[in-house]
Structure formats: C-alpha cells, structure tokens
Amino acid sequence: MKRVSACSRCFASRPFSSTARRRVIRPITDLPDRIKPSFLERPDATLLSLHWPSPPRNILITKKKRTPGITNSLIEYTSHLTSNYPGINIILEPESASEIHEAVPFPVYTYETAPPNGTPAYLSDKTDLVCTLGGDGTILRASSLFSHATAVPPVLSFAMGTIGFLGEWKFREYKRAFREVYMSGASDAYAKLEFPETGTSPSPPLAIDDPLDKPLSYADIRGKAMGPNRTARVLLRNRLKVGVFGPDGTRINSSVDQDTYALNEVIVHRGASPHLKIVDVFVGGRFLTEGVADGMIISSPTGSTAYSLSSGGSIVHPLVPSLLLTPICPRSLSFRPLVLPANTPISLRLGEKNRGREVDVSIDGRRISGGMGVGMEVRVLGEHVKTPTGDWVGGVPSIVRGTDGIGMELKDEDHWVGGLNALLKYNYPFGDQDSGDSGGRA
Amino acid sequence: MKRVSACSRCFASRPFSSTARRRVIRPITDLPDRIKPSFLERPDATLLSLHWPSPPRNILITKKKRTPGITNSLIEYTSHLTSNYPGINIILEPESASEIHEAVPFPVYTYETAPPNGTPAYLSDKTDLVCTLGGDGTILRASSLFSHATAVPPVLSFAMGTIGFLGEWKFREYKRAFREVYMSGASDAYAKLEFPETGTSPSPPLAIDDPLDKPLSYADIRGKAMGPNRTARVLLRNRLKVGVFGPDGTRINSSVDQDTYALNEVIVHRGASPHLKIVDVFVGGRFLTEGVADGMIISSPTGSTAYSLSSGGSIVHPLVPSLLLTPICPRSLSFRPLVLPANTPISLRLGEKNRGREVDVSIDGRRISGGMGVGMEVRVLGEHVKTPTGDWVGGVPSIVRGTDGIGMELKDEDHWVGGLNALLKYNYPFGDQDSGDSGGRA
Amino acid sequence: MKRVSACSRCFASRPFSSTARRRVIRPITDLPDRIKPSFLERPDATLLSLHWPSPPRNILITKKKRTPGITNSLIEYTSHLTSNYPGINIILEPESASEIHEAVPFPVYTYETAPPNGTPAYLSDKTDLVCTLGGDGTILRASSLFSHATAVPPVLSFAMGTIGFLGEWKFREYKRAFREVYMSGASDAYAKLEFPETGTSPSPPLAIDDPLDKPLSYADIRGKAMGPNRTARVLLRNRLKVGVFGPDGTRINSSVDQDTYALNEVIVHRGASPHLKIVDVFVGGRFLTEGVADGMIISSPTGSTAYSLSSGGSIVHPLVPSLLLTPICPRSLSFRPLVLPANTPISLRLGEKNRGREVDVSIDGRRISGGMGVGMEVRVLGEHVKTPTGDWVGGVPSIVRGTDGIGMELKDEDHWVGGLNALLKYNYPFGDQDSGDSGGRA
Amino acid sequence: MKRVSACSRCFASRPFSSTARRRVIRPITDLPDRIKPSFLERPDATLLSLHWPSPPRNILITKKKRTPGITNSLIEYTSHLTSNYPGINIILEPESASEIHEAVPFPVYTYETAPPNGTPAYLSDKTDLVCTLGGDGTILRASSLFSHATAVPPVLSFAMGTIGFLGEWKFREYKRAFREVYMSGASDAYAKLEFPETGTSPSPPLAIDDPLDKPLSYADIRGKAMGPNRTARVLLRNRLKVGVFGPDGTRINSSVDQDTYALNEVIVHRGASPHLKIVDVFVGGRFLTEGVADGMIISSPTGSTAYSLSSGGSIVHPLVPSLLLTPICPRSLSFRPLVLPANTPISLRLGEKNRGREVDVSIDGRRISGGMGVGMEVRVLGEHVKTPTGDWVGGVPSIVRGTDGIGMELKDEDHWVGGLNALLKYNYPFGDQDSGDSGGRA
C-alpha cells in the first residue's frame, strides 16, 4: 500500500503543523483505541438502546463506489463532523482517503488493504462507529470489513438515492441522525447544555497536544443531549459464522484461520459452469439431503429479504434467532426452504459426484477467492448475540430511526413493516390504481 | 315469474300504443331471432375482427348487483342505445327489468329465471350482443347465462369503478365503444353517411308495423361506419366443457343434460369441511395422481389469472390452447401446476377414501347445487374455437379496444401485456418509489 | 390385574364392591391430583429430559375415532398398564369409556363433554400423562382437550398404521416406550431393582389403606430404571395463544373467557362461500397489509409442516421461537409467507369490505362455533415456554425416542431430519429408481 | 481434422478391399443423401406415426462422454445394425469414430468438428436417423448438431443407466426398438417376409459395387414388417428459434448467420458475476417488464421440465404450442412465470443499467462463446411444426414406445403421465411408506 506507507512516513516526522495535518493520510494505528458502546434492552420493546461510555471519536465512513456525486457528500459529511464535534477522527477506505484528503482541512486516517479473504488489520480495534453513504451493497461492504471481528461497531447508514433494506436514513437527515447517535446514552445532565448546531460557535478543535487516547467526556461537550429517551435505537442483526474447509481440513475462507462472519448469507453456486451441482447438506451433524441445484444459500434472517427471497425463501424477521437453508433452482419438486434454529450447525459438502467441477462460494455477494472443489465443505453456525448473562454482543448493530420525519415516536415494528410495504411492495394489491398511462388499458 | 307471464299477456294483445309499449316488460320470445356475427382473422394479427351480417338489434345488458349507482348508468346507457340506433331491443335480467322498466320510455325484454344448474331458456337464441356494466364478476355472470350455449354473443364490458382483467372499457367510453361494435363489418359504402351522434336528428323509430324479425341493413342506417379497418377487435376466449356425474353416471351439473361451459374454471373444494380432500386425477384417460388437498382447479387460460394464479399457477396467455390443472393447498411438496393441451380430457374423481365427506363444486365462482360425494366425477375438456375448416366459433367473444384513449392504434399484445402490468402489478420492482408516506420509512 | 384389584380394595371403604367396581365409569374428580414433571436441559442438546417427582398415575388415553381396530389396541394397552404398573388410573374420553368399560377388569375414569368452544372441566388438574393411539389428528384432538391449560401433561403418541409428523412411536413399541416415560427421572438407586416386565413377580400391591392421593415413590417400585441417561426426551412444542373477539370486544373463542392454545395453527377461511375474503393483518400493533385471499393462517413452527406448508409456507424447525403468517390462495402475486418472532402479537381483522360475508375460524382443524363476521378479530401471540428464570413450562411436551429401533442412541436432530426425509419426502430426487412398474416407462 | 482429411484421401483412391474398408474413417460427404420420413396423424391420437419412403441407411449415433462402459455398447449396437440390416452406414462423432473404428469390421463415417457456435457441415443432409446412447444431456447434444437445420432426423434414444425425461428406451431393448423404427411405414406386403432376427441367415451385405446412393426398397428386405399398425410413434417436439444480436445488430449466436434452434431453452444468466442482472423483456414487440434477477429463461414446453421447472415454472405438456418465460431468482415478489403462444416473439435486451457487466447466454446447457454485453439482445420465436397445409415438419421427432415391456399397447398420454410420476416424483405423497431404514423414525 504505497499510499498508506507514504502517510506513515509523513506521520513518522510528525509534522504537527495545522496545514500539514490537513493534507496527510494517517494510519489508523495512530488512533486512540476504540470505545465500545453497550446495548440495553428497553422495557416492552424489541429494539435495543445505544449507550456510549464516552463520546465516539473514530468514525469510519464508507461510500458507494463508482458514483461520483457521493464524493461531495462525503466531503460535506466529514466536514460537518469535524467542525461540529470535538475530537472526531475520520477513517476512510484507502481509495476514498486518497480521493479526498487534499480537499479537506483535516487529516484522514486509513488502513492497508486486506489480503484476499482477509480483513484490514487493526480496523476493528480502532473504529467506534461506522457510517455508510450508499445502499445495501455499501453496508454489506462495510460489514465485510469486520467479518473477522466479534464486535462490530454500530452502523449508521445513509441512503444516497434509493433507500435499501438494510439502512433507512436519508442523507439529508445526516445532522440530526449523527447527533442522535453521538449523544446516545449521555446522561440527562447534559441536556441543558447548548449544542453547536443550534448556532453558537463551533466547539474548538482539540488542542494540538491533546493526547489522542484520552477519552472525551460528555461533560466536556458544549451541546445538549436529545433527552433521556432519545437514545438511538439499535437493531442487533445477528450474523452467520462461516468456515470454508478444503478436503484436507485446512481452512480456506480466511487468511487468519478464523470464521468469517456474514451479514446476509453464504452461497455455493455453479457460477459460470452451465451444469447442475450436487451438494450434500448436513443439519446438526446429520445428513439431511443431497441438493442437486444451481446452488444453495444459508442465510441469516437479515439475508432473508436478499438472495434467499429471490430463490423462494420466506421472509424472516431479523429478530427470529434462525438460519435459513434455501436452495437455488433445485432439480426437485420437493426441496422447500427451511428455517432452522440459529444454533444448529449446517454444512454443505461438495461430494464425489461433481468430479472436476468447482463451485463458487460467496459471502454477502463477494466471491471467496479459490472457489470450492470436491471434498470441500462450508460450515455455518448462527452467531449468539445475547450472552448467558443477558448482555447483547456481536451482530451488526444497526441504528434505526426512533421518530418519523415529523417527530412522531415510531414503534419498534414500524421499521420492518414499513420496509416490507414500501420496499418489497409486499402483497401489492391487484387493480388499476395506477394504470393511467399504461397503453392498452389507458 | 309472475311479472313476465303478465307481460306475456299484455304482449299477447299487442297493444302497440306508444305508452303501453314503454311500461311493459316483454318476454324475449317476442324478439326476432338472433343475428350471428362472424369472426375473421386479420393478417399478421392474433385478435379477430367482428363482422355483423346486419346490424345487431337485441342487446342483453347485465349489471353488477347490489351497487345502487349502476342503475342510473343502466338507464343512461339503454336510453342512449334506443334513441340513437334504429331497431334496438333491450334485454335485461329479470331483476333489472323490474327495477327500471317504469323509468324508461321504451319496452324492456326479459326471460324467466333459470332452474338450479340451468340457463334461461331462449336467451341464446335471441341475444345479438351482451353488454355488462360492472367488473369481472358481472362478466362471469353474463357468460354463465350462456353456459349451455355453443355460440355466445359478443360481449362488450364496461367497468364501473375499477377495471378488471376480463374487460377493459370504461363506462365513460360507452358511446364510442358501442358505435364501434355496432358498425363493425359494415362495408365502406356507409362510411359517408352521417351518423346520429353527429348531431342530426335521431334515426326515426322503426315504423310500428315493421315486422320485428326483418333484419335491418346497414344501408338503412343514417350513420357512418368507422372506416374499413375499424372493425371491433375480438379476443375469442375459449372455455371449458364441464360435466359433473354421479356415481351412477347421471349428470348433475346441468338440468338440461348437457355440458356446462366455464369461462374461468371449475373447482372442487373442501368448502366448509375443515379437512383435506382426496381427489383422483385422470389425464387423457390415464390415472395421473391422487390429489390430497383443499381442492383442485381445472382452469382455462383465461382463468389462469383468477383462482389458479392465487393457488400458484402460471399465467397463461388466453390464446394458448390449453387447460391448467392447479392444486389448491396440496399436502405434498411436489404437486406442481400443469398446463395441458386443450383437447386433453381431464377428470377429477372423488374416491372411497373420502367416506362421508362431500366437496363443493363451483364453476366460475358459482357453486353447483348438490355438491359432490364419493364416486362422483368432474369431466373437463377444452372447447375448440377453430373448426377444421378454419372458422372461429364458440368461446366468449370479448370486444377489446383497438385504439388507446387518444386514437393511437394498439398492437394486439398491448391488452394482455398492459393488463399484466397495470392490474396484476406483474414483476413490481423493489425500491422506495412511493415510500413517501410510509411511516417507518418516511 | 392383581395390583389394581388391590387398589380396588383400598377403595373398598367406599361402597365399591369389587365386581361393581370394574364395570363402572368414574368421574375424574375422584382421582388424586395431577403430578407435574419438570423438563431439564441436557448438556449440548436441544431436547429436554423428563423428570417425574414421583411416578405418574393418571393416564389419559385418546384414540382415533371411527377406526374399529383401535379399540382392541386400547384394551391391550390399558390392560398392560394396569397390570404392570402400580397405582395406574385410566382416563378415557366419554365415548371410549362407555365403549370399553365393560370389557376391562379395572375402572375407567372419564369427564363430562365440554361445551362448545370449551374444554373438559378438571381434566388438566387430574392428568399426569396423555397417551394417544392414532395419528396427528388424534394428537391434535388430545392437545385440544388442554387448549385452556397453561401446563399440558407430557404426550406419548403411538401411531396406528401410518406414522404422522407429530408422533413417532409405533404401537408395537408401547411396552418399552411407556416404561421409559414412567421411569424417567427415577434416581439411579432404582436401577438395580428388578422390574415387573422382566418376568419376576409383579410389584406388591399398594397397601389397602393407601390414600389415593398420596403419591407413589419410585422407591416403592420393584423395577429398574432405564439408567440415568435414559430419561425420556421431550420436545417442548410451543403453542399459539389465540383470542377471537367480536366487534364489541367480547371474546368468542372460548366459553371460559380465556385464550385458546393452538398446537398447529389458527385459520380464517372463506369456507363454503365461493368468494374471496378481505382480512386486515396487524403485526406488533401496526397495520401490515390487507389480505385478499381464501384465508389466512397463523401457525406455530410445529404447524409449519401442516396447513401452512400446503399453502406455500417454509418449513420451520419446532425449536425456532416464531410465528408464521401464511396466506391461503392470496389474490396478489407478492404475498409471501412471513416468519415472525414468537412474541410478536399478530391480529387478523375482518373489515367492512366483507359486507354480509362470514368467515370460518378453525383452531387445529376444528371450527370455532359461530364463525366470524365483520368487525371481528383474531389475536395471536406465541407461548413462552422458557421462563425468565430458565424453567421450561407450557407448550405440548412431546415424548420423542432416544434410541433407534436397535438400541443406538439418536441425536437430537435425528427426529426432525428423519421426519422430513421419511414423511415429507423432502427434496425427493428425480430419476427412475422405482419406475419399474410405471406403465409408459416400464 | 487431420484424421478425417486423411480418410478423405484414402477414400479418394477408393481402395474397396474388405479390410481397408473396415479400418477407415470416411467423410460423410461420401454418403448417399438423406432419406426424409414423413409424420402422419393417427386417428384420435396425439402422437404421429413415422413413415419412411425407403429404409433408412445413414445412422448417426452419439454417446455420452467420459463414461467408459458406453463404448462397448456402441460397438455392440453398431455391429448389430451393420450385420442385420442391409446398407446401413454408421456415422459417429469424430471422437467416437477414432475411438472405435479400429475395433469394428465396417467403415465408420464422421464429419469435421464445427466452428464455435456452428454445426457440422453436411450432417443434416446425410443423416437419416439419430440414435443416442446416454441420457438427456446426450440427446441435447445430438439435437444441437442439428441446431441450424429445419428438419431434424428422427431420434431414437437409449438410456444407459437412468432413464431421462427426453428418452425412454432402455439399451437392452435396442433390437426391437431399432427394428420398429426401421420398418416403420413399410407396407403390409412385407409383413409376410421373414426377418433376420428370427434366426435365418443374415441379409447379404450389399454388393460392393452397389451404388451407394440408390435407395433401398422395403421389397429388397428379407424381413418382416411389424404389421400395419406398428409404425413407430413420434412425439414431434417443437423447438425455439433463437437469435442473439450485438448492439449493432450483427448476429452472434451462429457462425452461419442463421437462427439457432433450441430443444429445451435459451438462458441469460449472471454466470460468475455475483451480482444481479437487469434484463428488459419484450413480448410481441411490446415492453413487458424489466427483469432484475440471476437470469431469465425462455423455454419450449419440452424444456418446461428442465431448468424452467427448477426455477419455479409450471410443467407444460410438449404438445401445448407455447413458450415459457421463467425468471431465475428474480428480485421481485411478483415475477410469476408466463406461458405464451408459440408464435409470439419474445426478446431479452441487456440495458444500459448493467454497465460493464456481461451475462452468459446458453442454449440447451451450452454457453454461446462470447457472452452478451450491454445493448445485446436475444430474440426467440417458437418453431411451427405444422404447415398451413397440415404437414408436420421440423421439431425434434422423438421416437416413443408404442407398447409397454410386455406387449400391451400404450395410450398416447402414458408416456408423459408415466414420466411425471416415475421421473419427477410428481405429487409424491406424504407418509412413511419407505421410512423403514430412516434413522430417527426407524
């Protein structure tokens, strides 16, 4: 990573002049360690509430690729954060970092591109909060950066254009949304303080010699909390733990010999081969069936509205602790999708009958380099997001909105039900409501 | 039918005073015989074109039941027809006849209500054209009045409110639509003549002593044809021939010992019994399978967008000569809907295993009185609508539009494709196009 | 028989002469109170293990109706229980009781038939264990006897003929199966004792003056336990809590103003009406959608292989804490089945648009008397089977086998996976394995 | 093709010694021209009957690849044909030709391998009959050799191992089957003559100087016809005419600028790309919908039991003149499969939204070299197999059996219905019929 090592060099000399500071790309290893929030149950509610022990500082922002307009939004957003919140450090993907670092008056941090099937080193040790600008694909890519981490930072997603299924904030709401997340969990005491956005002078940047690793305190912040009930709401999406193993038992899904977490699903698929594949399916260690098909999906409930849905799977609410097994174009009339307990181990094995034919394995829409040959196996288990002691850990903590656009409190179900209706056109009624301009029926 | 016999009496004395004439309900037996149009192929086209040998006179109009507003439309429509077209006779269902006959200045004709599982006598011998005011249900009811007739008159359907799948004209288009149908097939010669609607004086009523059974000629009509290409377009929907037989071979679907024609489908169903039914299915005389299910549908292609679709059947274009076998909630993972050649006989037999349990049989949404017990059988065959000599006969000749609202010529496929998109919301795309006001996503 | 006559003797203080005694049908109110077992988690296992505080005594046995052969099996089974186990009391449904009480040398207990939409009084206070002889329908009927009880006794089900999906024991296994259940949880101490069936002398009759309501102790039993690991395995099937309410809020599902528990599902359905119904669906209090369909199913995971499956629902493992919403023949292309968290309230409301049309409501295949008209509502919630303190309560505790026919320990998944394959013919492969005798392909 | 050109040379000198003759591989251009049979309607029947004007001579035999045992069957079969029937010429695929020509005492003919997207030159001008040894894949490959021919020779298919859906003869039946085909249409006159297989001396080989291009006459054959009713039965499977066009309108499906015929289907598919594709679908020239999916299938009724079935399509009888449009994993809840009239043109266009992403196009399981980029289009039309004058032409004439294994006449429906049941396990009933050995339920 030439670019990063370059910044490493400039960082080595530590030229802390304000100008220098603005132009460089710095390594994330320079950042203070991550602040981990906790997720608390709310009475009679299904969504959790976000509580920061101290305000988040290291913000990773990912954006949709190959979409020019988004770069401006990225600059606008990061500028807003750095000028309105004290101690904010902006982490960008290497590409974005080199794209914008000269255009912004603050330093950007980045990391070295990960090896194939790996994740960027240190990223999960340094990131307090993830923000995404894009669609579901951008959220999936952000989540894949933490696909070897047990604790993913909270994810705040802004749709650029069409709203997707995994995120639900519009970009034009970014000020309010970020503030809600930032202040989430700050005690009432600060509710009276005034807050930058209200018009008073922006909070002074941290003094140059501020030790980067001293946490902020909400008491230091000249702003106001959103009120005690206005903690951000979190939908903790549980993931799949996926291992891909060679015939000799060596792991091939990951460069770090670890399970890879998937947010949506893991898929084995015939890919470019025009022929059927034969996949043995084991559930809880017992042989279930031989799948003859284009491929096979093991999906989380979150992924139930993605590829699994297209393949005929049921829609499963993200809070049902389960795994889905959904065949893709099975050559059988009776291969119905299954919903299994999240803690049931499932594996897919490529048997002898596929001589010479490889299958593609993809996790959340990204192919694992190497593919999968005869004798190889994909092993999956659901992630536990509630510990025996009742704590909520792991998963992808997704920030959902607590009020609608005009300030009305939303019920917990509103997100999901609203999404089904608005995005999936669930149970769209027949009739000619909008036939106005449709040729033959005009 | 007291009322009808009453009119019969008044009619017997033939007191043709103008007043008397307006108040009475007359029997259809008094009407001249039906004029049968022919249906001609159009070059490179899939829809047929309608040709009357002489202008239609006896117009049956059915309307949706229990929907008050429609009565006014009925009066408006019949008044338009009788004042603008010579020699028009209005036939109404008994209920409608008694509802409006006092309100209109022309006689109305009606028939005696049919016995259970029967059709009104003489109706198919007297009706030149059927018009319906309502939705698909009204069209189905109209078609059921001819369910023992091999030649159904052309059907011109006006939607009141929502457009359905079987009809596509809006009521506000009735003047243009009727004229198009009325003039359809009149030779060019008449194109120069002026037409009532253009403002000149209405055509004189037929002289009192005009024999009712002398056909009109287009030459007599002071109007103009729509031009040689502007014949009405007809989609000849082929029907199913359905026979229901008792264990002893006696027919029970019909009081006249004849097959009953269905436009959509015939269904056997558990009805009020909360238990599975067991139905043996025979195709081409060969035992195909034992269906254990809520019920079984045998549908025409026209019916493929009705109940069969709800039960998971494919959408079949009305011009594919075929029958559909679609199970309703089958207790098997592998009972996939079938599409069979229209000329394949299919039968459904209620076997011994259903001891003591009856099933409901319905044709186009109307239950056959009597139900069906063990040993009974439903036999179905598709109707042939093209004779070996290439003539088009039978079916339900449905008038479809030839131009869009603003005068543009429509292609033959436009109707069906337009209907899929506008009515069925076929392949409705995901996304938040209209999420503007949807709570959680607002 | 000896032992029982012994007890008979203890009953002698009441005026029950030994002969008279054998012929009578006694009320269940005469029985000692129920013994409630506990259900314990097994390490690394998904099924629970059954533990009786003291041996079960009051055994309710239900059998399939209208199937003559089963009566003999009932006599054989009850005779085995009463002659081999001390203190066993046989409870039968009123019909069975009067059918066999004269043929058996021991008293039978029964209860008064319940009022419509009610359950038999006292039954759940008196029954230790339920045994069923029949199929899934018999199990559903047995469970419906406890449809107002929060704690259903364990259910041991014997298939007569075809094995169903809810039970998996064959009748010929009844001796071993009952012993396993009876001894389940007896401490090791008794493992050394010899047991009646081994051939040695039957356990001593209970002393004459044993009060009927003093529990037995395993120490009293001269038998042997099946070994410490050989407790019976229990699949705790969670149920649905169903309330049906009139437009005025009065409850109509139950004569006792209580929720009714369903094992499979609750259904609203058009029944004998040949027309579509319109049902408003609410999830978590939020309006989800207007269902236009034959009907709507809300199912437990257990019921996912019943009606819901036939209607296109996914197969959901019984241990996934969830509810299924599955439409029946919906008139929409996009009404996909949903899987929701078990604790999400769902309701179905019959809106104004259905003027004059009633729907049928059935719970586990039994219609609620009265049906459901406009304004009425079905409210459903999943049953919690694990308390916050970690205890397992409620549900239908179904005894599953722990070893296969030849003594091999079974894994917990074996039951379900085996059932999918053997019963549902899940993913049955294509090919001509058994085409040997199939006409055209022979 | 060195080998072939080599034989061309040796053939040039025409060294007709019996030994030389046996070892060489000859070019098909040396063969007499093809004999085209006619297909006649049978009264009250759906299958056609095969009539040769004179006995077939040039027999193309294809076999499954990479399956050693089949080579022996090929030798056995060709030896049988050449020693028992006069004037038989064996055509093999180049690979098979070089594999067996040294092992057999008769010459084999072959052709030059076709260029990409092409078919072998002259093959369809020379082949009287095609025999396949293998499964459906072998039949598809054989049919692809004629994918630019309007008249495919009759195909007689022998299953090696499992019976497939497209063929239904077992290899062990080859003698009877071939004789039935060979004699099909011979007039009654020959029914009295004795036939080789009956034991008498084999027919003499044609004299060396027999001109190869003089047709045989059934009168020359010392055998017996199978009787006048025993003509072979033919299912004329209609194909799809497929054209693939570049954005500039140049054709890319074929090296000969001609439509390619498909027996099963044409597919566009994302292939190795893990992302959704966007395909515009036009029906009858009208835009139907934008498909967002893994891909799209346009299938013949024959192909309805292949990939289309796996993707959720209905099963369509091969005699329903139709095309199927079936999406593969569509990202829409409402993209239901369609069945369209065979003569409706359908096209699939890869629109602008897929920037930079190619799709795979495959015909009958073989990828078209080149793939398909933005702006490209697949155009499909059903093949007409009945001319306006009532003749049956084109399609793939598949020989089906007329009697079952034990001599019983089969009905026309038996093949299809038998295949559904035996091969597809259509509507396989639930229950434990064969649960005998299935672990948990044993």
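For clarity, chains are labelled A, B, C and D in written order, and residue numbers in each chain start from 1.
Keep in mind that, in the parts below, a contact is a pair of C-beta atoms (placed from the backbone, for glycine too) under 8 Å apart; a residue touches a chain by one contact, two chains touch by 3 or more.
By chain, with names taken from UniProt: A, B, C, D = ATP-NAD kinase.
What you see is a predicted model; the values in this text were computed from it and never measured.
Of the two chain pairs examined here, A-C and C-D, the one linked by more C-beta pairs in contact is A-C. Farthest from chain B (ATP-NAD kinase) in terms of Cα centroid separation is A. Between the Cα centres of chain C (ATP-NAD kinase) and chain D (ATP-NAD kinase) there is a gap of 56 Å. If you average the Cα atoms of chain B (ATP-NAD kinase) and of chain C (ATP-NAD kinase), the two centres end up 51 Å apart.
Annotation: 44 Å between the Cα-based centres of chain A (ATP-NAD kinase) and chain C (ATP-NAD kinase). Contacts with at least two other chains are made by residues 286, 309, 330-336, 414, 417, 421, 424-426, 428-430, 439 of chain D (ATP-NAD kinase).
With chains as nodes and touching pairs as edges, the resulting graph is complete, every pair of chains being joined. On the side of chain A (ATP-NAD kinase), the complex with chain D (ATP-NAD kinase) involves touching residues 271-272, 274-275, 286, 293-294, 307, 309-312, 328-334, 360, 362, 365-367, 424-426, 428, 439. Here chain A (ATP-NAD kinase) touches chain C (ATP-NAD kinase) in the complex through residues 46, 283-292, 301, 304, 309, 313-317, 319-322, 324, 327, 330-341, 343-344, 411-414, 417, 420-421, 424-430, going by the rule given at the top.
Remark: chain D (ATP-NAD kinase) residues 162-163, 168, 332-336, 401, 404-406, 410, 414-419, 421-425, 428-432, 434-435, 438-442 touch chain C (ATP-NAD kinase) in the complex.
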